[in-house]
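Shared between the two complexes below is chain A, which pairs with chain B and chain C, respectively.
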Partner chain A sequence: MTVVATVGNVLVWAVWVLAAFACLGSGVAVVSFSNPFYSALALIGNLGSLAVLYLLLSSEFVAAAQVLVYAGAVMVMFLFVIAYVDPRLESPWAGGPGWQAIGAVLAAAALLVEIIVVIGLNADGSLAHSHDVGGTFGSPGYIGRLFLTDHLLAFEITSIVLLVAAIGGVILGSHSRRSEEGVAPL
Partner chain B sequence: MTEPWWISLIKAGVIVNLIMVAFAYTTWLERKLLARMQNRYGPNRAGPYGLLQPFADLIKLVRKESFFPVAAQHPLYIAAPIVSMFTALAAFAVIPFGAGWQIWHYHVNGEIANVSIALILIFALGSVGVYGAIIGGWASHSKYSLLGAMRTCAQLVSYEVSLALSVLGVVLMGQSLNLVDIVNKQGATIWFFIPQLAGLLVFVFAMIAETSRPPFDLPEADTELVAGYHTEYGGMRWGLFQTAEYVNMITLSGLAVTLFFGGWHGPYAPLGPIWFLLKVFAFVSVFIWIRASVPRLRYDQLMRFGWKVLLPVATINAVITALLVVWVS
Partner chain C sequence: MLLRRNPLIVLLSLEIMLNGANLALIAFARHLDNGDGQIFALAVMAVAASEVVVGLGLIVALNRKRVPLDVDRLSSLRG
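Right, the complex of A and B next:
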């Protein structure tokens, strides 16, 4: 029994290391590909490996929602647009790294250091020992209850923001179509 | 009710192979049924009743010359059918086909993986499966492939919304996203196709569109697009796309049976998987029947139907079900 448990632990570690490095690697790939189609694919890989990390944190629902919404729906739209533009003809990022790129990397490094310091100061050693979570943690029922009790306001406001965005999209679409129809034929 | 991990592994291997056999004979069934409906014989040379036809097709596809456009993006061109195939096969893992059995002194579950988010997992895999078409269409570097990929993408994303909303009523009545719980609930009460008839209708329409079957086969409309996103594919690479389409059809039929028709339940309980198989077979036959009798829609009709008919019906059905569930309890 202990052998099985050890094998299980090693497996979890292996998956964690794999997912973490895939996450970092695909993140770097997103900004380093010159072809935006490949960048978008790397971003899908990034979101997918994030989902694996969520899964290891026993939040199955968040992992599945991540794949369904971000990797599945949002990124499809990205690829849709990029495929239409055909990035093979001209890639706007061709050429070596400029001052802007160097500045961005430095800013990101500063931000990373800041995050590590803040987490280290606030965690008080609670990162070192593991917490036990209940069997229902991360299940759809658990998350649903949280949404409708503790986080009700944020949940409802998000839904209104999304509704506004949807209406805005419809108005923008119909507006451009109307102006196209209004153009007199030459 | 846990089982050792190696039993799950063996079961996964067996089920994947069974699905491949089911796929092979679905193609045979389709050709045979279509032929009979059109007053022809269909395949009748390879083996008795043409039963060896799927194997002849397989050998033909594998032995074909691997041939593709010079401009194709190699890694992506090759990866695309693999993505399609993987997501199609993986989705079946959470569909329960039996109540579980005691074999010797091991408990064997009636599904490969019993997860609390089974339903979302199937939709998530379905939405990842769209990439097979987009990547394949883009990497082929051909106009017809790209246009086909765009159509596939627009159609699948549009109908995914209706598909997900149509099962919301079932989720509310079963009070779970776990398919085993939903089947058990139907065994204890009634099969959900009676109270969720509107949900079932929306589900079936969206399901046909999701698998790009006629009359919703716009992504590969041969009169307009040659063959859609897989125009530049040949041999077993094309075969993988085709397999993915049929496996998706089988999986979604299995999902429909699980959600609306009581899964493995039937008049004689011990026959669990047989009942499941019979119901899936009935569903697949209806798919083929529809293909034989309805002509293809026009593209704008397809989009209008999806957004202006199916989506409102699915939404109203979900809202009414929610109200009734709260009112009854």
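Right, the complex of A and C next:
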């Protein structure tokens, strides 16, 4: 029994390390590829490894939503638009580091140090042991019950935000087509 | 996100930032055995999807007007 548990733990650790490094590597790849098409493909890998991390954190529903919404819908739209606009290539590190690049890297490093210090000061060793979660934690039923009881307002506001975004997308698309045909824009 | 001039890459980097926040939310939801973090992560996901819709709509509209896709040269808001 204990051997099985140990093997399971080692497996979980291996998957966790693999997913975490895949996540970091593909994130760096997204910002350093010169071709936006490759960047979008790397972002799909990033989202997939994040979904694996969510599964390890026993959030099955969020992982499924991540794969369906992000890797499915959003990234397909991204790839369509990238193929449509046919963007020019851009080499991100050409011409040596400018002041903006140095500033961005410094700001990111400062944020990282700040986050580590704040978490380290506040956690005070309590990060070592986490709560045991029940088997229903993160299941669709659990999420649905929370959405329809405690977080009903957030649920409804989310639906309105999505509706407004859909209307905005339609208006942005039709507006440019009309002005292209010589008709006065809205 | 600050380094790139292509608005498509800026949008992709924005997705990475939102996903980092999502990962932190879910990790602490798991750590504290509290479902609110997952709810918030799902809300962030919905907001990110709407932001991508509007951002990609803007990029397509700019491309139709033959505006160069470079955030440094997009300094005018007149249509």
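The rule we apply is simple: the second predicted complex is superposed on the first by the 164 of 186 C-alpha atoms of A that agree within 3 Å, B and C clash if a C-alpha of one lies under 4 Å from a C-alpha of the other, contacts with A are read in each partner's own complex, and residues count from 1 in each chain.
Simple rule for what comes next: a contact is a pair of C-beta atoms (placed from the backbone, for glycine too) under 8 Å apart; a residue touches a chain by one contact, two chains touch by 3 or more.
Small disclaimer: the values here were computed from a predicted structure and weren't measured.
Once the two complexes are overlaid on the shared chain, A:172 sits against chain C while remaining clear of chain B. In the superposed model, A:31 lies in contact with chain C only, and not with chain B.
Judged by the touch definition given at the top, the superposed model places A:61 against both chain B and chain C. Once chain A of one complex is fitted onto chain A of the other, the partner contacts of A:50 are limited to chain C, with no touch recorded for chain B. Of the two partner chains placed by the overlay, only chain B lies in contact with A:140; chain C stays clear of it.
Between chain B and chain C, it is C that contacts the larger number of residues in chain A.
In the superposition on chain A, A:84 makes contact with both chain B and chain C. Using the contact criterion defined above for the overlaid structures, shared-chain residue A:73 touches chain B and also reaches chain C.
On chain A, the surface patch touched by chain B in one complex and by chain C in the other comprises residues 61, 65, 73, 77, 84, 88. Of all residues in chain C, only 1-6, 8-9, 11-13, 15-16, 19, 22-23, 26-27, 29-33, 35-36, 38-43, 45-54, 56-61, 63-65, 69, 79 touch chain A in the complex they form. Taken together, the chain B residues at the contact with chain A in this complex read 76, 115-117, 120-121, 123-124, 126-128, 130-131, 134-135, 137-138, 141, 146, 149-150, 153-154, 157, 160, 177. Residues 27, 30-31, 36, 39-40, 43, 46-47, 50, 53-54, 57-59, 61-62, 65-66, 69-70, 73-74, 77-78, 81-82, 84-85, 87-88, 90, 92, 100-101, 103-104, 107, 127, 130-133, 137-138, 142-143, 146-147, 150-151, 154, 158, 161-162, 164-166, 168-169, 172-173, 175-177, 179-180, 185 of chain A touch chain C in their complex. Per the touch definition, chain A reaches chain B in the complex via residues 37, 41, 44, 60-61, 64-65, 67-68, 71-73, 76-77, 79-80, 83-84, 88, 139-140.
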